[in-house]
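Lettered A, B, C and D in written order, each chain numbered from 1.
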Amino acid sequence: MTAKVNRIGLPQDAYKGGKSTLCPGCGHDAVTASLIRVLFESGVEPWRLAKMSGIGCSSKTPGYFSSGSWAFNACHGRMPPVATGAVVANRTLLPLGVSGDGDTASIGLGHFVHALRRNVPLCYVVENNGVYGLTKGQFSATADRGAKLRGGEENTFEPVDVCTLALELGCGFVARSFAADKRQLETLLKAALSFPGTSVLDVVSPCVTFNDHEGSTRSYAWGREREHPVVEVGFVPHWEAPEVEIPAGEVREVPLPDGSLVRIRKVEEGFDTADAAGAWRRLREARARGEFLTGLFHLATGRPTFVEGLDLVEEPLALLPEGRLRPPRSALEDALDGLTP
Amino acid sequence: MPAPNDFVLKVGTVNGSGSQTANLVLLRALFRMGVPCSGKNLFPSNIAGLPTWFEIRAHPRGWLARRRGVDLLVAMNPASAAQDLAEVLPGGVVVYDEPLALAGRRTDVAAHGVPFGKLVLEVCPEPRLRRLVVNMIYVGVVGRLLGLDRGELDAALARMLRGKEKALGLNRAAVDLGWRWAGDHLPAPCPVAVERPPRNLNEGRILVDGNAAAALGAVFAGVSVFAWYPITPSTSLGDALAGYLGKYRRDPATGKATFAVLQAEDELAAVGMAMGAGWAGARAMTSTSGPGISLMGELLGFAYYAEVPCVVVDVQRLGPSTGLPTRTAQGDILQVATLSHGDTRHPMLFPSSVAEAFTMAGDAFDLAERFQTPVFLMSDLDLGMNLWPSEPFPFPEKPLDRGKVLKEEDLARLGKGGFFRYVDRDGDGIPYRTLPGTPGGLGSYFTRGSGHDEFGRYTEDPAGYVKNVERIARKWETLRSALPAPEVIRAGTEPAPVGILHFGTTRWAVEEALSILREEHGIAADACRILAYPFHDGVGEFLRAHGDLYMVEQNRDGQMASLLRAANPEPVVGLEGILRYDGFPPDARSVVDAVLVGRRSAP
Amino acid sequence: MPAPNDFVLKVGTVNGSGSQTANLVLLRALFRMGVPCSGKNLFPSNIAGLPTWFEIRAHPRGWLARRRGVDLLVAMNPASAAQDLAEVLPGGVVVYDEPLALAGRRTDVAAHGVPFGKLVLEVCPEPRLRRLVVNMIYVGVVGRLLGLDRGELDAALARMLRGKEKALGLNRAAVDLGWRWAGDHLPAPCPVAVERPPRNLNEGRILVDGNAAAALGAVFAGVSVFAWYPITPSTSLGDALAGYLGKYRRDPATGKATFAVLQAEDELAAVGMAMGAGWAGARAMTSTSGPGISLMGELLGFAYYAEVPCVVVDVQRLGPSTGLPTRTAQGDILQVATLSHGDTRHPMLFPSSVAEAFTMAGDAFDLAERFQTPVFLMSDLDLGMNLWPSEPFPFPEKPLDRGKVLKEEDLARLGKGGFFRYVDRDGDGIPYRTLPGTPGGLGSYFTRGSGHDEFGRYTEDPAGYVKNVERIARKWETLRSALPAPEVIRAGTEPAPVGILHFGTTRWAVEEALSILREEHGIAADACRILAYPFHDGVGEFLRAHGDLYMVEQNRDGQMASLLRAANPEPVVGLEGILRYDGFPPDARSVVDAVLVGRRSAP
Amino acid sequence: MTAKVNRIGLPQDAYKGGKSTLCPGCGHDAVTASLIRVLFESGVEPWRLAKMSGIGCSSKTPGYFSSGSWAFNACHGRMPPVATGAVVANRTLLPLGVSGDGDTASIGLGHFVHALRRNVPLCYVVENNGVYGLTKGQFSATADRGAKLRGGEENTFEPVDVCTLALELGCGFVARSFAADKRQLETLLKAALSFPGTSVLDVVSPCVTFNDHEGSTRSYAWGREREHPVVEVGFVPHWEAPEVEIPAGEVREVPLPDGSLVRIRKVEEGFDTADAAGAWRRLREARARGEFLTGLFHLATGRPTFVEGLDLVEEPLALLPEGRLRPPRSALEDALDGLTP
């Protein structure tokens, strides 16, 4: 019996990585598992995928999937600029950033914001557990006000909300999911990977060791009890996508440039994924009330990506031969002429 | 009275008053006449209003160092006039804006007041432009005084304002007015004078600043990603680079760019982008100055350890912290040598001239890709932002060295398990790498700053970890042997009693000092110019061959000497520092004086 | 068969399996019996699942260094069992979890399988707890084997679980079960054995890790603002500090805090907060490890130049970049010495013991405020995170040295124009400062990283700039004289043929090595322990007095030796590095071996 | 004739500083002039004022006012943490941060966001000219999309909007003004200085040398043509404030903890300074349309400040005597007892 293969003839095992060294039950491992399936089902060429991360338990996970891909496990918080440089050097890469809430919202916040501002082609997944897992459970900047650590310490600050912050920066793909909500998570991952600019997917991913207790607002129990998807999302890959139809009624259909199609069905009355300001208001209200909204909050295509704005040749800069990198002798002569008084 | 073509001309004006064009016209006219000369801009860290100076030094032998003392002063700025006047050598000449009333303030100089305010009304009806046009009047006055060739003056002006016909007319009129006014009012001949040399000593030469030269070097080395964050004095490198790239690196067919210039949000991002690009296979570079270097530490330590190529240009400026951003120094050497915690080391190249800024920028890319490590081009403000004459830069004939990169077909040949990222296959410490995106499913690897073994796997195993860091230390030794030998100037066939070490732009003061020592003091001295770190064996040889040793450098703490002592398991005996750290480029006399003191106090 | 009380006990378990309490019970019981001992935790950089080890070393003479070779192994982890077994010395004893089937794998050791899985069912009905309780069973087994005093074992357990009565009962039962099982099944006597010494050698002593010790030192030095960002291995310093501050530094009347602990968003912010607080007059501190140090460069250069006091604790870990966060090293020395671009220098203190971690943390504050500069306490993972026995820390009798701070009344006395921030009134290079908020309208000044003169004014004037940086260099010399002399151990009255330099935790291997060299090889060696940088003159004296010199350090590049060579204008002759950089604390035998090799190859 | 003095008996000259070295006409000098008047009129004790800044032309301005105050001209972008440390060390200080758009929104963005998140007591003034003035006029991160440099280069990125970002972070005082609108600017500065937590005042402050041309969206002409105040703000200092009245109709009166009173009169129908989400939507729309809104966009009191959350003694930590800093011998004995196995 041969294993099932995907569109490009690879079995799902081709998308596996090394054995996880995370704590058993860690939400991040669930996200990894979803990624493996999603990459397989999407038929991503492993060598095109560039796995980018920072430092943290979450940032280790690129070691645990798609070992046929290159990975860059950068310094703490510095993944976005490294990913930016990589995709500029080779625009055919598909950069997937996996980061944590500390990596993204504490030390790396400035870079995160600037990547969003530039609309760098980058699928940015935040495995958000509200704590620094790897350094043993201090609050991160996304911890909710009033959340409690195992020892009882209470967080007194407002969180950095990755999703409303992404809306603030004009991000065209803003979503939140839950590590335990496999179906939704995988659909969102597929859509996020197909989005041309920066897509932000904030995944509540419980830290079973340091933040899965009562009083936590990132525990499995908390998430299971409260998850409230505001929309239901469907994703039709480009090789299956029908001709685009005009969105009607409760369903919004958004074609992505690669030919795939995102189908958004409202669950919550009045939630409009085209309206960033509406989403912003709704998410803030939800936070104030302790609600846990998930789904695709905002989807807007058409904004040029950072790489598009650079007006580059089609071939990856990294692969240009000497003849296209070093200008001819006449160019030097011209330059020198300009320097002759 | 100085010999013809041997003088320092200094113009003191107000920052933002637009005197730069005027000063360049003077310099270029002189240059066109075939007189060896160079120009230094001494400017404040503000945008407008503070004192600024331009110094032109001419010397028949082409000395390029700054020289203390002024022969001809143009004093336009009330705020600095007194201080400027004090710098004029006895017998010197002063041209000043009449209201400054400098006449008679010194009896040993000839001071000429010029009614610039009145004159400018004659040529410039538009009040808005007068502040600028005034400067061209002093060009005329000074040109006449010095005996510049009027044709060359006009030609220099015309070339500078090429394409701006209206401005040219106005400026030419101003030059002419100054020229005539000087003819009518000033005594001739002037003791500070220019003579057209029998042979044009600048034939075929260019005049350029080091930042533009390094930018050109990068362009012809095929830089494809440049990420930066503005900071004085490296900003003009980015500007020049963007300009040249736009001109010479667009695809002829499509007009599309074969380069990307990325203005980052800070220096951490700038170097991160360069590293990401270098990792992905681009020729990647960033440029910055001291504060940026300090911010890049963590990432560059990563690049050292994970072996990611990139080029870092450090255009050094004065002082710790923000210091004096518009003053020059060689003060980042110790910081860069071991930048980042842990056992991290970085190679540095020390360009002394615009020509080396050009060639070494190219070398830096080859070294970075060959050795898979960040390579630092240690420029400085004096080199980067001042104008230096040079032979035209040679077109680089050597093909680009892209280093040990395995392609799809290489990987297929090696087969599964044939490629591991950090294995030392060749015994030179340099591993092989692959570029992300290489198809075939065989080349992927994991890049990390955490502990890894030669297979690129995460490891906490002491043996695997140690093996890898020892290989990197071995690579360092291979690298050392690939770096240029010092340039040694010998006074004779036997080692001279005095040995002077130096590097970068300090060169010009030292070379001039050698001749003064020999000609005026009968002291034979050898000189050793360090071109790169880690040090070539030749540096140690020079040290061993000389008893009375001096290291000339532009910092307070004797940084290069420290590095030399630290690097040498053999003791370094009797190395005296000649240190300058006031932000001005060193001059030959200071070096000479220090050596004379050293000689006297030597046992 | 090792002598009683002279052994290494190693426990190999899985990270996250809760064995830490069990291991501490063993260590503490041993300690309570009066046997000199210490414990080292060798743990991976993950939260759960990877191999982890605990080593207890006992030695009648109280040697504290790690020793290679294991006398008694407790093997609980399948992943590391083979490797663990290999480390057991011939004649050693192994206790292993039965399924590992280690019996017979080595004929030269006695290996005893224990059916932990079965036994735990007897004492622990709750499945969830079994993984933890198993560990207490091996405590009982090992206790019985070693001949620990059962009363001390129970007392140690009771003290550790004070207030957790339920857990205590369960754990005590587990210990008891192990104890009984060993009595029933294992041969006695065991070749590795404990004997209660005639005199309790631990009477009155404490057992503590260096991070807690430094935290306590800071608390009793009056730290009032602590800003940090978590990073291994400095995190537990922050935790301990927060704990102690909460306990001892609340106002008795109001319960309000006389301290603030600020968890910053990153290390740049952490040190920025500490600097802001130091500037405003608080006793301010941050703690971090290598990557954090690299990120703090720019700001600490500012603090050096603008003269802002703060204390930085660097708990060093292995490697460049992220490296191995849970392995020890002394690898940040070169980076810290000149951290930041320009002519920047920083003083460092090198604690070797928990007692010095306590006292030097206090000294660091006094030095920082007296000299108005960042002061680095260079700890390491071995010191910071492992358990060391110590005499109890002395209550600091010296009043806090708050340095030269002018108050409202001082300013009034000096009058207008009487205070300028950077004037050297006392000739020691140390200026006076004032605190923001001081009323009276006379003390304000401007703090900047840009060029300034002695009056604190922005300046680009070379003379004013130079005068100020030269004063700072003078202050450095005053600082040098305020730092502790090296601690020299002499073999005799005349200098011994061999001189060994060392610093920090390297001390313990060196001191043990001295005795081995003398007793086993008849080699007399002197040792010089460097306590601080810049180097005290005593270090140079030691260098000059010895011909055959060794520097023992925990890094690849011989960083302290480099610094010594760099700092010494007199040549350093014949200094050989004994370097360890695999992340494990050095042991005495390696030092001895290296000296023997050095002696043989010496001319 | 004696000079007019303020509430604490100081003449306006007491709030002057060194001579400005900025370009004549620079917007920052106008802000400095306003600050001098505001500090004078507010009767701020100079020694309580801590002038904090980063690097840039804007960040130099603390040299040009209130020379009787202490100043900390930090590294580029690092002002917020330094100010945080200072105010924690001495809670009686009144920290005034003066920064630029590059300093705040490029290199310093992470710290800015985290200061906001913590609600550090800090009046944060951004002198926003859309460029890096001091390094000669490159676009900063606040430059509008489509704005042009003197040389014609066009900015292709969305700006970082200091005001909507502050709203995103839950800031309770969010305002924008214009260096040339002296009256509004000074009222807002007074109110901002009285606000207990972080107050953000984004001042469009033209760079006459590099960004005052046609095509700029931060020029004087651009500002003068388009300024549209959405509210009119009045400020009644605490020593003049009447008993608080219940807000009614078009005027909202908000008492600040120091007893002063902010009076907000709507200019634009429907603009509600109590509604952060409404302000967010309105500001984004305005940006999209190239409008230049000014005024106090959001005012909300009641959130505890960072210093309040630390539960400190009342006296400045910096001034505590040894007796209160070093615990007694018995404390050490207690600690050592805990370390005895």
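Here, a residue touches a chain if its C-beta (ideal position, glycine included) is under 8 Å from a C-beta of that chain, and two chains touch if they have at least 3 such contacts.
Just so we're clear, the structure is a prediction, and the values are computed from it rather than from any experiment.
Engineer: Have a look at A-B versus B-D and report the one with more C-beta pairs in contact.
Structural biologist: Here the pair linked by more C-beta pairs in contact is A-B.
Engineer: What whole-Å value do you get for the distance between chain B and chain D if each is reduced to the mean of its CA atoms?
Structural biologist: A distance of 40 Å separates the two centres.
Engineer: Could you tell me the distance, in whole angstrom, between the mean C-alpha positions of chain B and chain C?
Structural biologist: 44
Engineer: Taking the mean of the C-alpha atoms as each chain's centre, how many Å separate chain A from chain D?
Structural biologist: Each chain's C-alpha centroid was found; their separation is 34 Å.
Engineer: Would you mind listing the residues of chain D that make contact with two or more other chains?
Structural biologist: In chain D, the residues touching two or more other chains are 75, 106-107, 109-110, 114, 141.
Engineer: Find every residue in chain C that makes contact with two or more other chains and list them.
Structural biologist: 45, 50, 265-266, 291, 298, 302, 321-322, 448-450
Engineer: Once you've mapped the touching chain pairs, tell me: line, ring, star, complete or other?
Structural biologist: Contact map by chain: complete.
Engineer: Tell me, which parts of chain C touch chain D in their complex?
Structural biologist: Residues in contact with chain D: 27-28, 31-32, 156, 159, 205-208, 212, 216, 219-222, 224-225, 227, 244, 247-249, 251, 254, 256-260, 262, 264-266, 268-284, 298-299, 302, 392-393, 395-396, 399-400, 434-441, 443-450, 458.
Engineer: For a test of understanding, state which residues of chain C touch chain A in their complex under the given definition.
Structural biologist: Residues 16, 45-50, 229-232, 235, 263, 265-267, 291, 321-322.
Engineer: Where on chain A does chain C make contact in their complex?
Structural biologist: Within the complex, chain A contacts chain C at residues 21-24, 55, 57, 75-77, 106-107, 109, 132-136, 138-139, 141, 209.
Engineer: In the complex of these two chains, what residues of chain D are touching chain C?
Structural biologist: These residues of chain D touch chain C: 45-48, 50, 62-63, 67-75, 78, 80-90, 92-93, 110-111, 114, 310-314, 316-320, 322, 324-327, 329, 331-332, 334-336, 339-341.
Engineer: So in the complex, which bits of chain A are touching chain D?
Structural biologist: Interface residues on the chain A side: 106-110, 113-114, 117-119, 141, 156-161, 164-165, 168-170, 276-277, 280-281, 284-285, 304, 309.
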